[in-house]
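Can you keep this structure in mind? I'll have questions shortly.
Each chain carries a letter (A, B, C, D and E) given by its place in the written order, and its residues are counted from 1.
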């Protein structure tokens, strides 16, 4: 029985999907930071989280997702406030005063009170490309929550509202169980907020 | 709803079915603190090119495959198990994945016993020694033809059976990329086996709510998807449904008593060397015809599962047993163009029939006599006027 | 100049008796030194084999003809053609 | 002594249940189409027996048929054929034997004998020209073959007996006449299941005289000249017997070692024909009459014993890694005492040793050691302990205890002593032989290795060689003459003798159909017509002879497909298709799929291996 | 039968059911080579004398290591650590837990600590902390309703940090669940009704919520059928052993169903009311079930309609037209609540305002409703409800549930596409 007829196989990587998930997490992080400032409903929702609270969104086996290749070259001030996407994690920090800041994608030196973990890159791809709504994804076990459950529910609720802001109705209708009616969110408020969030997310934030 | 005086039920395996089911394997292995699985694959599955797809699903996970042992063909023998066990120890694996159904799963269970108990062959267990503790985690990825024994708490290696609750696989992965059948015939045979098992569970006198609950979805998937799956084996939804049906049917069947069709088909398969699925497809219609004549009492679960909720409610209580049997007959009838319809068409030697009838009656625990078995086989011999 | 190569020829099915080889041992056969490049026919003639056309010659599992070139360390089996059971 | 011209054409049909017998005639058309011997036996059973019968049951029939050559004075014509449904494989089996019973029955005036039904108590049959008497066999039931045959021979010239193995329905039991055997397929069990201990024929009541006397004399003289000139039939066979091929096969790695894992072994020369001839001072001990003289006897361990044949030496010797000729001869004697086929027994013991090694069964057998082998042979013959299961043949034993992947059988019949991975054409021969794993059905290894006329590893043209040799040997077994004469008849005609050997090799390797059809085997049909007194047309007669062989082979295949045989059974044990031999670095395996597809097409079978209707009509076989 | 695009189902518990089920325990424990079990129970169960029945049934073959019966109503980790010390001191190798949901959860905690060998439960917090096989654990439920013998969750309070710790892992699933009618024979009528309706809620919600899958549907269908056939009979005469066995089976089936197909808005509100006003879980469930169904009617009406077959039987199902079946289900559930209310002489509440504690005081005042609606957002069950539930919707449901009037469905904030399973 010669065993090298059955070689050991080290699985490869799906670069394209990694890159897509990295960018989406970066956009969501930045958008949440801006939305917390701009929209009162999001602010009320995120107010429920305690102060000095870090929240992380990542994809399972942490070691399998190193930072992007150009991450080392970026100067420190870019990585601190996450001007550019450079990793497949998202860190939100609520400091003592209570405002939310996106603090980049590098896990070094950060301790997460609550982490929302996608079970695999494929699952992250399904959720972040809106093939499954957030609720169905949770039911199908696409992502798992580490830390106490109520905080994650508020975070998911905030995420839903931001998605409504960011994406046109066709796409965000897939992600959210119930698309807000006219009464709750006037057309003007939605479009205006969308433009503001986009601009600020990609610039100063 | 009739509940028997005493029953025991165990369905140890977890079923993960649907889109991206394969991607959950790293997480499942993590749940068992395992990092390095050995993959035992069916030769036919590897030749169909599923190996590359299977490896790609592990990308971006910390799981390293300790080797893909693909020497399994139609027969699971102890020599293959010993070779795989050598590979397992050499690579320092800690769990086993069986890629493909039938002999691959039996072999995976045998390797699991050899490795976990640190023994070289199963002679101690053939003499009756029980398996002491839980074995290494075993994940089964369904693909190819199933022999209806995957979810059972038993392994059959070298035609010798070893029964123990620790032998149940831990996880069943049913992924639309793996389940499409290679040809209509293999889908038909697995369908016939699952149908015979689900029928045996739902018409058994000692049926209990748990086995009925597991057999109900199996029978309804067979009713809806068997004909379509046989016509187009590559159709993903039909093949996933049929794979689900065969896993559920074998789980329910391992908790209930074997039916006449299963026993007779097992005996004939052993005598002639042809797979049991083909015989079940022939003998089941005759068993149903015999039951119709005998007006045997059957729980309503059979009709509910076969005809669905609306069909069940529409018929009055008295006719449900009879209608249930007729619907099951039509389900099996769906296989007519793919598998032979009668024993004479398969050229089974006549003297095997008497021996099979005697052996089946002996194993049935007095539920049916040898005369009944012989008459069923006689009817299955030409199977002329029945299933068109 | 012609370097010597050592070969061994094993005779079976009674041929060694015909060649009247003394103290012939079945296991080792007849060791011979043959100049390189020589053919089997030459070696057999020096061993005293008169007519060798209808004998069968084998080298490492394949059957060879009398005109096959000899290589160093060859082991040639020579026997009469035979039918099986 | 009544003189009969040509052939007697009388069939004795015995019904044991009613203890009656009837006499019927072989009709002319059957004689022309099926020649006699194997062909006639199959045709008689095809007309009388319906498929699906239990081989050990009452409705199974066994036919003993004598060919036209028997008693005519033709060379090597002392052989007869037995045909029945084998308990070991469950399909039709024909086995030929060179014992004195054939001559005795023919000279009692019977050309064929069919036995059906089952006797209520053990009997033996005494046959004379008028009919058969059913005599109680209380005295000899339970005795071994030597004593039984001695007792029976008091009442006639030739006798058939079964041993204790046949009585205990051991599925590999055989039938003995003189020191020759109706060996393969477990026919002893069929007689045992009918409670028949033996059959004895008075003999010497008629004398067969060929119709064209002087033409027949000229042909026989030419026949003997061919045999005595051919180096094979007059050289190695005559001096060392069938076991002379051991060394040739060992050097090319085609002998079974350690249950078919290895191809050759260093110590094999200890049990080769030459060493045995020297060591045991062998003398001839052959079928009567025979010109080739391949059977030998010698003094082994102080006794006068028959020297084991090639198959016995390899299946009970190298396959179990036992290289002591005396031990092999002891096992051979045990088999001829209890009445068991040595080839199947070797296959079963090889499986048992590997199964013990792998923990499937508990026995004291071990490769390489003779300890416990003799006791196991007795246990199998008397069905004691695990012997009872091993007695069912390696297929059923493997079904019960497992290890089907190293049970070396095809369709239930254990493989004989040739390792097909060293000669792939021979592997195809095993797969497509009608009675299962049988080497004599096409014996392509002679072309590939022994006469070295084709490359043994390429599947090119091997399907045609197998088909042609199958037809030729089926025809030869219907004349009935010894199969070894074929080498002389094929390679002695003037054209072949003159052409240089390399030309023959190139011709056979690349244009096999042309080479094979050029072979002039007209000597067989000429003798046949000379005996029966028919006019022989030179070339067309030979084609008709080969076509008769094809008809016999296809009839047997058709009868088997009615028992359920199809493409799924035409295969080889898994070991030969997947693993390489230990002695072969390139790990050759048998490319069966390619060869089988071409074989079916050239044979005229459909892709599932069932003879097509067009083929059966062309050969004139009525479809039942 | 619906084939969802993705589902996973796992129930690793071996179920032993029957009138003589207890006698099978020694054999099964021997099968897992366990000889000295520790019996974990609470004062209520011991008082009723069930321990005596179990001991007699186990007979002489099994030596009981020790009996630990001071498990409080809301178990916390101190109790678990204390019992674990007893487990180690007496050298036990397996656990038999006899009692309701809290006893079973405590026993799961004890099994974690005892098998993994540390001394406090806090070491095993968090997801995936328990990833090795634990010692054998046999569960004998004495209430036919919580179904916690089938769940992989253990909820254990932490009094210091005043939070509820959640332990989720396939390894803390018990090995064997024993369903024996003798255990629930002495359960009073109103408690039987409450726990049975809890099981009915588990089954119904498992049937129509987002994580619907074929296996859970099979189990839920049979649970509903068993309860609707047997509940009233058993409440009327508690001694009916066949009925008790049926209810025990129903609760197990419902437990399997809901542990694989997450429950929805009814449990969401039920947990919140239970936490804030200490309402018995069963009563909250039976009151809120009709309202939960009405709330989801527009989104998964046809699936809720299918429940009519096991609930009302084939005749009613065939006679009511397809569109009306969902309302018929809600009507039948309300009728069942009404019958139970009459059968238990008013002890089974029909609306929130009727719930009273032991001494008759109303414990769900109308003023509490807004706070309940807000705290509802913190419970995980809201994710799996087909329709979105926000505090505004919750107020609407709670108002009607408090009053007892059926929900008028026009006011519900409908939206979103049809559910894609």
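Quick note on the criterion: a residue touches a chain if its C-beta (ideal position, glycine included) is under 8 Å from a C-beta of that chain, and two chains touch if they have at least 3 such contacts.
Source: prediction; values computed, not measured.
Student: By the touch rule set out at the top, what is the minimum number of steps from subunit A to subunit D?
Tutor: Minimal hop count between subunit A and subunit D: 2.
Student: Relative to the centroid of every protein C-alpha atom displayed, which chain's own C-alpha centroid is closest?
Tutor: B
Student: Which chain has its C-alpha centroid farthest away from the centroid of subunit C?
Tutor: Farthest chain from subunit C, going by C-alpha centroids: E.
Student: Which of the chain pairs holds the record for C-beta pairs in contact?
Tutor: B-E
Student: Could you give the separation in Å between the centres of subunit C and subunit D, each centre being the mean of its C-alpha atoms?
Tutor: Spacing between the chain centres: roughly 35 Å.
Student: Provide the C-alpha centroid distance between subunit C and subunit E, rounded to the nearest whole angstrom.
Tutor: Roughly 90 Å, centre to centre.
Student: Suppose each chain is reduced to the average of its Cα coordinates; what separation in Å results between subunit D and subunit E?
Tutor: Going by mean C-alpha positions, subunit D sits 75 Å from subunit E.
Student: Report the inter-centroid distance (CA atoms only) between subunit B and subunit C in whole Å.
Tutor: The mean C-alpha positions of subunit B and subunit C differ by 62 Å.
Student: Counting only residues that touch at least two other chains, what does the list for subunit D look like?
Tutor: Expected reply: no residues.
Student: Residue numbers in subunit C touching 2 or more other chains?
Tutor: none
Student: So which bits of subunit B are touching at least two other chains?
Tutor: In subunit B, 18-20, 24, 30, 82 touch at least two other chains.
Student: Using the touch rule from the top of the page, what pairs of chains touch, sorted by label?
Tutor: A-B, A-E, B-D, B-E, C-D
Student: Quick one: which bits of subunit B touch subunit E in the complex? Just the residue numbers, please.
Tutor: Touching subunit E from subunit B are residues 1, 3-21, 24, 30-33, 130, 132-134, 165, 208-210, 212-217, 220-221, 224, 237, 240-241, 244, 248, 308-309, 312-314, 317.
Student: Which residues of subunit E touch subunit A in their complex?
Tutor: Its residues touching subunit A are 6-8, 126-127, 163, 166, 210-211, 262, 377-380, 382-384, 386-388, 413-417, 420-421.
Student: So in the complex, which bits of subunit D are touching subunit B?
Tutor: Residue list for subunit D touching subunit B: 51-54, 57, 90, 358-360, 362, 398-406, 561-564, 566, 568, 574, 578.
Student: Touching subunit B in the complex: which residues of subunit E?
Tutor: Going by the criterion above, the answer is residues 1, 3-12, 14-21, 24, 31, 33, 128, 131-133, 169-170, 214-215, 217-219, 221-222, 225-226, 229, 242, 245-246, 249, 253, 256, 306, 309, 314, 317-318.
Student: Using the touch definition up top, name the residues of subunit B that touch subunit A in the complex.
Tutor: Residues 18-20, 23-24, 26-27, 30, 55-70, 82-83, 86-87, 90-91 of subunit B touch subunit A in their complex.
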